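So, here's a batch of structures to check.
Both complexes below contain subunit A, partnered by subunit B and then by subunit C.
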Partner chain A sequence: MTRYLLKRVAQAAAVLLAITALAFALFYAAPSDPALIACGPRCDTAQVEAVRASMGLDRPLLAQFLDYAGGIVTGRTIADVDGTPIPCPAPCLGYSYTLHQPVLAAIADRLPVTVSLAAGALTVIVVLGVGSGLAAALRRGRPTDRLLSGFSLLGASVQIYFLGYVLQFLLVYTTGLVPLPRYVPFAAHPAQWALGLLLPWLVLGFVNAAVFARLTRSQLLETMHHGYVRTARAKGLGTLRAHLKYTARGAAGPLVQLLGLEVGALLGGAFITETVFGLGGVGKLAVDAVNGNDLPTVVGTVLLAAFFVVVFVAVADVVVAWLDPRVRLA
Partner chain B sequence: MSRPSALRVRDLTVTFGTARGPVPAVRDISFDVAPGEVLGLVGESGSGKSTIGLAALGLHDPARTHIEGSIRLGGGPELVGAPESVLKRVRGARAAMVFQDALDALSPYHTIGAQIAEAYRVHHPKAGRRVARQRAAAMLERVGIPAARASDHPHHLSGGMRQRVVIAMALVNDPDVLIADEPTTALDARVQRQVLDLIRELQTETGTAMLLITHDVGVVAATCHRMLVLRAGEALEEGPTTRLLTSAAHSYTRALVQAAPTLRTPPRSRLPTVEDPEPKPRATARPGTAPAPTGVLAELRDLRVEYPGRRRFRPHTAVDGVSLHVSRGETLGLVGESGSGKSTIARVLAGLRRPTGGEVRFDGRDISGAATNARLRRELSRDVQLVFQDPYASLNPRRTVEQIVTTPLRVHTDLDAARRRDRAVELLEQVGLSASHLSRHPHEFSGGQRQRIGIARALAVRPRLVIADEPVSALDVSVQAQVLNLLMDLREELGLSLLFISHDLAVVRHFCDRIAVLKDGRLVEAGPRDTVFDTPAAPYTKELLAAVL
Partner chain C sequence: MAAVSMTQVFRRDRVGMVSLAVVGFFVLLAVTAPLITALYGKNPTEHYGQNETGLLSPEGLPVLPNGGISAEHWFGIEPGLGRDVLAQLLHGIRTSLLIAFASAAVVAVVGVAVGVTAGYLSGLVDRAFTFVCNVLLAFPALLFLLTLGPVVQTRFVGPEESEPAWMQFTVLILVFSAFGWVPLAMVLRTVVRSLREREFVEAARALGASRRHIVFRELLPNVWAPVLVHLTLAVPAIVTTEAALSFLGVGINEPLPDWGRMISRGSEVFYDDPTYMVFPGVSLLVFVLAFNLLGDAVRDALDPHTVR
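Now for the complex of A and B:
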């Protein structure tokens, strides 16, 4: 198990390094000139060149990349447009000349929103998805199963912006059951935090739960017919206990893997949901950065999203290996 | 019977509810098993034998199954219709089950020690973990597995050891009744013998009553006091094993007993089947002899095949320096246990696998490159055709019989559609089917019929060598006899040369002219049938022969 763990961590690190290089290459492949953007529209050529020099953009590409990658590990000092040194401690993701703050600080400001959104949505996904998949599997072929299948098809086919606006119209504007979504820090007021995010949670959760419901159902039905579940019952275990101990464990692998991917993706920012409900999370930050040509922030958010996905996929793999000893051999 | 029976079944009827209405699986079965007695429940697939075993433990899905009649253990309560709480106390404690496929029956997620200990703790809730662990270790030792391996997972064990674990798990609570459902069917002959001996030894020692469910008359002969023959869900005949094996009243039982060739059956004779229980010897055939072979058709010299190892593991040598040949008009039998390299040799000769070393010749021509040379393989497949083991997996379910049988003709001949169809009809009639089957799909046929379709496909282009890889091992004994009879007829009619691969020594002895014995990729012994079977030279061949039931 230890060997498997080490192997998996090394793999994750390699993938992250490759993504860093790719994102950095993207930064320089972009048609816009970072120095020009940083300097502003009223700069003349000499001023742009000065800015370019102070930003270090005149140095060889490889040196710049090593600076950037090194900054992530050890931190570095970045020169602002006018040459003022700005300390950027590790993990330094660069400096946004548009927001006038280190990219990491910009992300850190907005991450609580994204994390709150992801946490609630994941709860909804797991409870709704796994729960309805379980119910459908236990009542296979009966009306409950068909009803739940219909619901999950609806969830899979409906778009977030459509469902979001519909629910907002019905629950907020028409009936007033739920307040208009807004972000209140959890530490400041837990109840308002939950109430303010309830609608986004439900929408994001419902749409993503569909895949989980379908996978849960098919996994359970497949595992249920394995001989070892029957063996457990032949030993004298009750049906429920046999299912909890054996069926659930057999069915869990693919679900854990999908969940890992989902956690990573949600923490990287849920742009559409954030936009629909006017929440300022990392997704919104990324899209604003793209629109505003704020390349350091674009690269930073891309890296962050990749980081979360890689880390949680690796965590999921380790959990699967823990669940199934046969995986550790591969 | 004076002693009270350990298991008493009366008028048992089991009906499965399906989408197309109720389907009876078992009708009006009654029997008793006394303490210490072994009753064999014998029948072919679909006879309902496993259904009875599952019903005895109440393991059927109550939503889809309707059970009538009575099942009692000793003087215990009625089990048919009993609530789950009663059944839970019986299962694994008073009656326990040994399932067929140990790899599937054991959880891949838990250690074998934990799985045995769990079976103990379920019925001894007051026992601590340590006691249960000790008990599991003791049970492992009793079935011949070192207690130190308790922390292994099932995938670390061999097939025979896994089956031993399943037996240990069933016996951990000293049940009054042990139900063993095909406990050795998935095992090699030598391991089967060991496991059967172990079951019998433990059963005698503990005085447990045993219900042994099997399709294999040989297993019954070796283990059971009495046997009950089932056919299509009904009891046909019951009695002491010795009487039923020698002088059964019912012709079906006689056919079942004699359909599987033994080491005493005259080679090349027609085997009795259910439809034809007392076959006449073929008029044209000279029993026991084969036409004199004329020249070598296919030849392997010092063949070596390695499968690449994964990551840092060394490559696995599947075939290691094997030399053998098939002469024209001869049938060579290739015998060995699983993993001995039989199928790999078949793949090399069919041009599907590139040898790592050595020579492969067909009709004098070097064909070792056929696996990587599409043209050579195509030419080779004109002359060498395969019949596969699994008649369910080897026919494409989306194609009609006509498409299946005529595909080789389309590839290898310039016959037009009408003439291909004529040839397909001719082939189907040769294998005992008819033109009306042309437009059907494989799922409409039984296993034996499917195997006939597979044979027709292989014969379509009139190949010079037919490689049959375990062609009858997935079939019921009486169907196996039919297919073997068919293959013998076709061989004579068409003068086929065959490479016949099997793990079943009795079948090989019956069907083949020369025998080659393989072990771990090496050739142990090769020679004419009578020499190998009557005076085997290698100790391994003797061991294999001794394990035949």
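Now for the complex of A and C:
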């Protein structure tokens, strides 16, 4: 197991390094003038020059990349447009010339919103997805199964940017059943926090739960008919215990992997959900940065999103290896 | 033989046939959109609401109820610019489907070539393949797509010019393909790895068949089922991603009709004129639902092992 763990960590680190290089190459080397994009549309020529010097764009590309990658590990000092030196502690993801703060600080300001959104949505996804998948598998072929399968197909096909507005119109604007979505810090007012995020949780959860429901159902059905489950039951183990001990463990692998990917993706920012409900999380920061041509913030959020995905996929893999000895011995 | 029985299984699947009919209907609408709009007497770019008085209020909202639906404009008119909704909707299908089908075609070629090769060769090639897949899978594709706009804009287009339509299409198709081949190639790699050990491949090898013969003549004919299933499900995914991009303000620019941008515009005036968003929203839902059902039906018909 230790060997598998080390191998997996090394693999994740290599993937992250490759993604950093790729993101850097695409966004710093591909545009004809990164300084112009990084500075934003309101910059005059002198400011663009200042940004160019501050980003070290006059230096060789490799040196620029080493600076950037080094900054992530050790931190560095970056000059603002007017020349003020700004300390950017590790992990330094660059400096936003539009927001006038280090990218990581901008992300840290908005991360609580994204984490709150992700936590609630994940709860909905797991409860609704796994629950309805389980119910459908146990009542296979009956009306319950058909109803639940139809429901999850609807979830897989409907778009957040449509469902979100429709529900907002019906539940908030017309009937007033749910308050207008907004973010209140959990520490300030837990009830308001939950109430303000209720609708985004439900919408994001419902849309993503569909995949889980379908996977849970097919996994359970497949495992239930495996020989070892039948053997366990034939040897006198009760239905519930056989399913809990053998079916659940056998079926969990792909579900854990999907969950890892989902957690990583949600923490990286729910771009569409945050835009639809006007929540100022990391996803909104990224979308605004793209629309405002704030290059360092864009690259920072790309790296953050990739980081979360890589880490949680690796965690999921380790959990799967723990569940299933065949994986870690392969 | 196998193809015949597959068609028969599919024909017996009522949901599958209905979804195929719906998908076929959308494709037909896309192909004949110019003809339909010509008969209907409208085009997707003219600002009817601004050119004729009495259609839009001073605030830019349709005067008639339900988004300005009338005998003249069947699905109403767009708030602000006053374009015809039905004409835009019909031409919007063309935008979506062109991008989705072109991307799916590239994905099929790249995914099959890479997946079959990696599965058959194993060793170093296979390791490199797995690494590239891990990188691409972890890369936030939507965010990447969002960012590419300004990069392309400054690299290939002057600051004041607008991006030509063909370039917008090409960029989207290339990026969808760049990320889309990964899952297909991974599936095919697994399929080919197990096929490789089967007797018929061993027999071909024992008879002295070249590597090329084994890959193209022995392995490829056996992977078309997963490819077909994957592509059927890839098309709606690409359509919705493209719409999401346009919703977020990148993707296809004015004046090309696009469903995602219609929804985006609809979201701005949703409380005053909800009808405008309902048409592209419901169309997209029906289209994606039909395609997903079709994908399920194709999978069930091709893969009798799937537990239903």
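Observations
The definition used in the following text is that the second predicted complex is superposed on the first by the 306 of 330 C-alpha atoms of A that agree within 3 Å, B and C clash if a C-alpha of one lies under 4 Å from a C-alpha of the other, contacts with A are read in each partner's own complex, and residues count from 1 in each chain.
As a convention for this text, contacts are C-beta pairs under 8 Å (C-beta built on N, C-alpha and C of every residue); 3 or more make two chains touch, one makes a residue touch a chain.
If you're wondering where the values come from, they're calculated on a predicted model, not measured in any experiment.
After superposition onto subunit A, the modelled positions of subunit B and subunit C overlap sterically.
Which of subunit B and subunit C touches more residues of subunit A is settled by the count: it is C. Look at A:250: by the touch rule set out above, it reaches subunit B but stays clear of subunit C. Touch criterion met: A:324 reaches subunit B, while subunit C stays clear of it. Of the two partner chains, subunit C is the only one touched by A:313; subunit B is not.
Shared-chain residue A:167: touches no atom of subunit B or subunit C. Of the two partner chains, subunit B is the only one touched by A:234; subunit C is not. Look at A:198: by the touch rule set out above, it reaches neither subunit B nor subunit C. In the superposition on chain A, the residues of subunit A contacted by subunit B and by subunit C do not overlap at all.
By the touch criterion given at the top, residues 11, 14-16, 18-19, 22-23, 26-27, 30-33, 36-37, 141, 153-154, 156-159, 161-162, 165-166, 168-169, 173, 218, 221-222, 225, 264-265, 268-269, 271-272, 275-276, 286-287, 290-291, 293, 295, 298, 301-302, 305-306, 309-310, 313 of subunit A touch subunit C in their complex. Within the complex formed with subunit A, the subunit C residues making contact are 131, 134-135, 137-140, 142-144, 146-151, 154-155, 236, 240, 243-244, 247-250, 260, 263-264, 266-267, 270-271, 274, 277, 281, 284-285, 288-289, 292-293, 296, 306-308. Contact residues on subunit A toward subunit B in their complex (touch as defined above): 226-228, 230-239, 246, 249-250, 323-326, 329.
On the subunit B side of its complex with subunit A, the touching residues are 57, 59, 84, 88-93, 96-97, 99, 101, 104-109, 118-119, 122-123, 153, 155, 166, 169.
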